[in-house]
Amino acid sequence: MADPVLSIRDLSVEIPTRHGIVRPVDGVSYDIQAGEILGIVGESGAGKSMAGNAVIGLLNPPAHISKGEIWLNGQRIDHLKGDAMRRLRGKEIGMVFQDPLTSLNPLLRIGDQLTETMMTHLTISRAEAEKRAVAALEEVGIPGAAERVNSYPHEFSGGMRQRVVIALALCAEPSLVIADEPTTALDVSVQAQIIALLRRLCRDRGTAVMLITHDMGVIAEATDRVAVMYAGRLAELGSVRDVLTHPQHPYTHGLMASTPLASQGKRRLHQIPGAMPRLDAVPDGCAFNPRCPHATDKCRQAPLPRLSGGRAACWYPLVDEKVI
Amino acid sequence: MSDFPIPVKPQSRLRIALDSDLFYTFRRSPVAMVSAAVVLVLMFSAIFAPLIAPTNPFNPASLNLMNGFTPPMTPNAFTGDSFLLGTDDQGRDVFSTILYGMRISLFVGVAAVFFAMVLGITLGLISGYVGGWTETIIMRTADVQLTFPSILVAMLIFGIAKGVTPVEYRDQMAIWVLILAIGLSDWVQFARVVRGATLVEKNKEYVQAARLIGRTPGAIMLRHILPNVLSPVLVIATISLALAIIAEATLSFLGVGAPPTQPSLGTLIRIGQGFLFSGEWWILLFPAITLLALALSVNLLGDWLRDALNPRLR
Amino acid sequence: MRHYLHLAAILAVLAPTVQAEDFKWAVTTDPQTMDPHAVNSAPVLGFLNNVYEGLVRRGKDMTVEPALATSWEPIGDGQGWRFHLRQGVTFHDGAEFTAEDVLFSYQRASDEVSDTRSWFAPVSDVVIVDDYTVDFMTTDPNPIFPGSIANWMIMDSGWAEANNTTLPDKENGNYATINTNGTGAFRVTAREPGLRTVLEPFDGWWGDAEHNITSAELTPIQNPATALAALLSGDVDFINPVPIQDVARLKENPDVEVIQGIEARVIMLGFPHEAETLKYSSETTDTNPFADVRVRQAVAHAINVPAILQTIMRGNAEEVSQLVSAAMQGYVAESAARPAHDPNQARALLAEAGYPDGFSFGLKCPNNRYLNDEAVCQAITGMLAQVGLNATLDAMPVQNYWPELRADNYDMYLLGWSPGTFDAEHPIRFLAATPNEERRVGSWNFGGYSNARVDELLPLIQSEIDPVARQAMIDETTKILQDEVAYVPMYVQPLVWGVRSNIELTQRPDNFFLLRWVTVN
Amino acid sequence: MLAYIIRRVGQSALVLLIVGLVAFSMFRFVGDPIDNMLGQERTAEDIERLRAQLGLDQPFVVQYYKFLEGAVQGNFGVSYRQGRPVAEILLERAPATLELAMVSGVLAILFGIALGVFTAIRRNGVLANVIMSASLIGVSLPTFLIGILLIYLFSVELGWLPSFGRGETVDLGGWTTGFLTESGLKALILPSITLGLYQMTLIMRLVRSEMLEVLRQDYIRFARARGLRDRAVNFRHALKNTMVPVITVIGLQLGAIIAFAIITETVFQWPGVGLLFINAIQFVDIPVMAAYLMLISVMFVGINLLVDILYFFIDPRLRADRSGGH
């Protein structure tokens, strides 16, 4: 196996608050290979976006990386500051946000936003950048790209805007794309198109993708591997087929059981009792223990086993319990 | 961060207040605490001026003209009386006059802002909630009002009020006219903010629900919409208070302020500026410092409040 | 779009003229018109005295001296006055001054639309005897007539006709509102109303120049602090007035000098003699205590004038007991004593009049008319309160003040009076005589004070030629007014001018500033 | 767009009419012009005659109608005080006020925007916080006091700058300007600081809060995520987006500058329309007051219109929206 494009090692993010320090990302490790799509899934507040923000260096103060390492193409980037980090953004790491309606500057033509980005990172002339902007829009499937470069964002529909956003994220040809809930704000009808587009572009270019979502459908459809996060920690990490069909962590299991998958047909959905803990009140031991049907005293007291070799961070991984 | 699940458990009001984010950020901001302390001290001394002040400068019978122009903490050449901050041209104790003057300034400021707030909120709620012609009329009126510089509005109102008030009441009217004048020149921004917020809120589910279960528009506006627009209103109110106090001083300079026998801080400054070159600096300096401290603290508090009430800026 | 440039103007500006004799001064109120007959007000007449001249003028000590007339004498037994005109005088535009201009100026100044009309009320006819002799016929003997027309300025008849300004026009203005053509020592070279007025010496002036200025500029500055700053920083050479409170400080400043004098203006309190009830009392609503002379006496005794002069006026004013100051003709020296400040006596008088606990009432006061008027009224309020007279002070700008007084909206008011004729008859006519439209008397007697003997004496005073007999009648009138406390005269407003130390000038008691007495060193 | 402008102009005309009516109804209370027009020795008869001549004995609605009749023909009457056509006087005085307002406005806008951006970007910096707090001093003291203190310091004590007036002016075909002479420029300094300080503080604070608001928008995060330089993010992306509300307020503040010029002009004896207005009040010069208020209203209405038109150029979204009416 080649070196991963992105390698996160034991990453923790901390936010000091009046209620004490909270850790929205706590000891997380995973790799993404070139051309691979890694899905990050979890409830809101589970720390999945925070991890993405940590990678691209856009944590909002006072949030900061407190521990761990981030390696990008063999270069350690978690300690980079200011301009050094800025050069990586867009150039090495592209990012797609959730809401295409607010991701584009309403006052600038999309062509300008594209050329501006390219000219920041690539040593090309304006004319060349303009040419590439049209090509980039064509690539993401915008009809009449040559004219639409002069349009303003409000002249596009939501799905089209997200295509523009993807074009923007990819225009400097980064090796990693972080897509933070890229379809959540879109109509169901265009979600699949966008996912397919993202998948196609990255496969073609060999771009690594971190696809953050809470939508199991998107995970099933688009990703190669999946990381399940709970209360800032990695609960389970494995190939998408394994995790979806044979979850080992009780939380993943519960999550799968509560997700309506097309294959399942009509059936009463399962609910996980309780709610994810506040980040300033994560219980000792396994964070999931208050809600876990299998929890023992060990789960409540002993420090959580870190995910290393195995798939699930659990004392009692479920073995071959199919979700039906 | 705002999407962290927040537990709901019953708490006393005080507990809620002390536990609130507002109080927390307050404790973390030395500027806010100092400003609040200054405002509190000044407000306290204004309210209890009759108890604190050594003399009552509003009682003409108690004044001794020969005490006029006594420098601070220096015995008067004729009467031998000594005053902490000196006396003004009428022999009034500057310290007492400041306390009493602040009373008037604060009263005018608070009342004017309150008036502007009530008017602005009412009209803003109505125009936002009812819409249609009512909205057009209210908001066009607001435009006309904005068209007119606030000091001119205040001067016009002052002129008209002086004219229409029966002569017997005119003397007591000055203060109320000031309140009316400043308040009327200030309601528009409240109305605009409230209207904007109302437009947003009225389409939210909870308002729709309240409407469906048959709440009257008045009740919906008061119980459901109003609480949601209060924080921007509070911010505007704070800053308006400082502006109102200054506006009162400016009007006084233009000769339409508080009567000289019951001077406000602004009137004191207007009077005091006449002694800037003559060496009686204390007549101007102390009221000016007081006004500066008051307005500055209120402004700083307003600043802090704006940031504190806007969770996204925190 | 117009875009041409006055190159010459720029060059003139960029190369500043090096003339030490440029003189700049600032006053509170701009002369509102350049027409000498349109408005009878001190700012206008004072300024225009530099530009226009009358048959007679007043000297540095207010004595009447020859100007465009070289001499004058009574005609017969008080039928009028004959004026012999100065020959060889020319107007600024070069026209010659003759008797024709005097007659024209009489007609212009005495017309119904002219504000100066009242000066000529005693005149029945004006007759040109020859080119340089004019007779003024009066209805009654008029001993003070020459002095009473010292501010009547002569305008060139030809100029007025040519420029269609044979009558003043207050409402719409006309040529003479902005332009001037006098015989005076200075001519106006630039006039921007409300902003600045520039004068230059008139080369063809008949008199001998006592000044050395080559150019003078008047700027009205309203805010006293700004005016003072302008003087201190040397931006102007002379300001009038200097705020009283700044006098002491200015005296210590070596760059600046203070010139003080006693003005003609007497500051007094007035009463609603005629009113049935008080207007602003909270408890005394069915009667008018001020109709009782004892109450008015109490007021006079309650006011501590020396204290006002000591503090508010900073020792720069003099107290006064009658309607004219000591500098005026007809001043009664033996009646010079003011009622003493005596709160106890005031209280006793009030008790005697039936008001042992005093009463409340409203005191009206202007706040931009007289020197420190508002502060004085405040002080008066305090002093009256000490004897139980609780005045509510309502101070207002003068534009609101006169209408209030005319509408009788007061229980007591502050008034300043400056006799335009410098004679004691003037305030008697305007303030003491029973108001009478037809006889044109008592027009400023807001309170309607009325005394039959005063009304009887006034016409006699006006026509008495014998100075001794005339003075006796003035004495009697003064005594009556004092006894009845028709008014409470308090002090004479001080004249305080501030000049840069390199300037020499003369302060005339009527507060007129004359450029022809200015020397720039 | 054209329909929109026409409708706005129509509304503006209505606003002007109302302003005029309000103004006329209040003139009765300002005082009586008669006393200033007649001397000490006037009689009651003189007063009545002059009042009738001026039409002051008529109901104010009639006076208003007559004023409108004249105003439509460009005739604003004759000043009671100066006996000259009001239009002429206003034209004479307008350059002084406009130049002062312009300089103060430019100062306020330049410094306001620069400091606003600075304090927003360095939100938690010490210097930014000091600037924020210090700027409040400018709005915590009345303008007239600031003006007097400036005069005291720079004219009287230091003697650097003139204490009053406009200095030498140059006549450019009816427009007198103080920009071309040294004394004219010097004379501008203190008044424009006095006048602009308040507006500068206001603009600065507004720019700051709008910047903070914009800086947390997704498209700014997205711009940062694309690795754009800080300068591009802060100015090209953020500042431009703050401009719509900022321009609105600046527009209104320009009007306020002209209104507040009343006080500054009084303190500095600045020969502009504000001083004229204050004098007019003092002398109850009704034609001047009426014309001044109309002038101010026209300016405001014009500025508002201009601001709205500016929006079109700044915000492409409005170009689409407005055609349908708003």
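Each chain gets a letter, A, B, C and D, in the order it is written, and its residues are counted from 1.
The criterion applied here is as follows: contacts are C-beta pairs under 8 Å (C-beta built on N, C-alpha and C of every residue); 3 or more make two chains touch, one makes a residue touch a chain.
The shown structure was predicted, so the numbers you read here are calculated from the model rather than taken from an experiment.
In terms of C-beta pairs in contact, the better-connected of the chain pairs A-D and C-D is C-D.
With centres computed from CA atoms alone, D is the chain lying nearest the middle of all the protein shown.
Put simply, the C-alpha centre of chain A and that of chain C have 89 angstrom between them.
Distance between chain centres (mean CA atoms), chain A to chain B: 50 Å. Measuring from the averaged C-alpha position of chain C to that of chain D gives a distance of 38 Å. For chain D, the set of residues that touch two or more other chains comprises 30, 148, 152, 156, 266, 278, 281.
The multi-chain contact residues of chain C, meaning those touching 2 or more other chains, are 225, 229, 232, 368, 397, 400. Those residues of chain A whose C-beta lies close enough to touch chain D in the complex are 56, 58, 86-91, 93-95, 97, 99, 102-108, 116-117, 120-121, 152, 154-155, 165, 168-169, 172. Chain D contributes residues 30-33, 35-45, 49-50, 53-54, 78-84, 89, 92, 148, 151-152, 155-156, 159, 162-165, 168, 170-174, 180-181, 266-269, 271, 275-276, 278-279, 281-284 to its touches with chain C in the complex. Partner chain D is touched in their complex by these residues of chain B: 31, 140, 143-144, 146-152, 155-156, 159-160, 162-164, 242-243, 246, 249-250, 253-254, 266, 269-270, 273, 276-277, 288, 291-292, 294-296, 299-300, 303, 306, 312-313.
Taken in their complex, chain D has these residues touching chain A: 217-219, 221-230, 232, 236-237, 240-241, 314-317, 320.
Per the touch definition, chain C reaches chain D in the complex via residues 2-6, 9-10, 13-14, 32-33, 38-41, 112, 115-116, 118-119, 169-174, 177-178, 192-196, 219-223, 225-227, 229-230, 232-235, 368, 397-400, 402-403, 418, 420, 430, 437, 440, 443-444.
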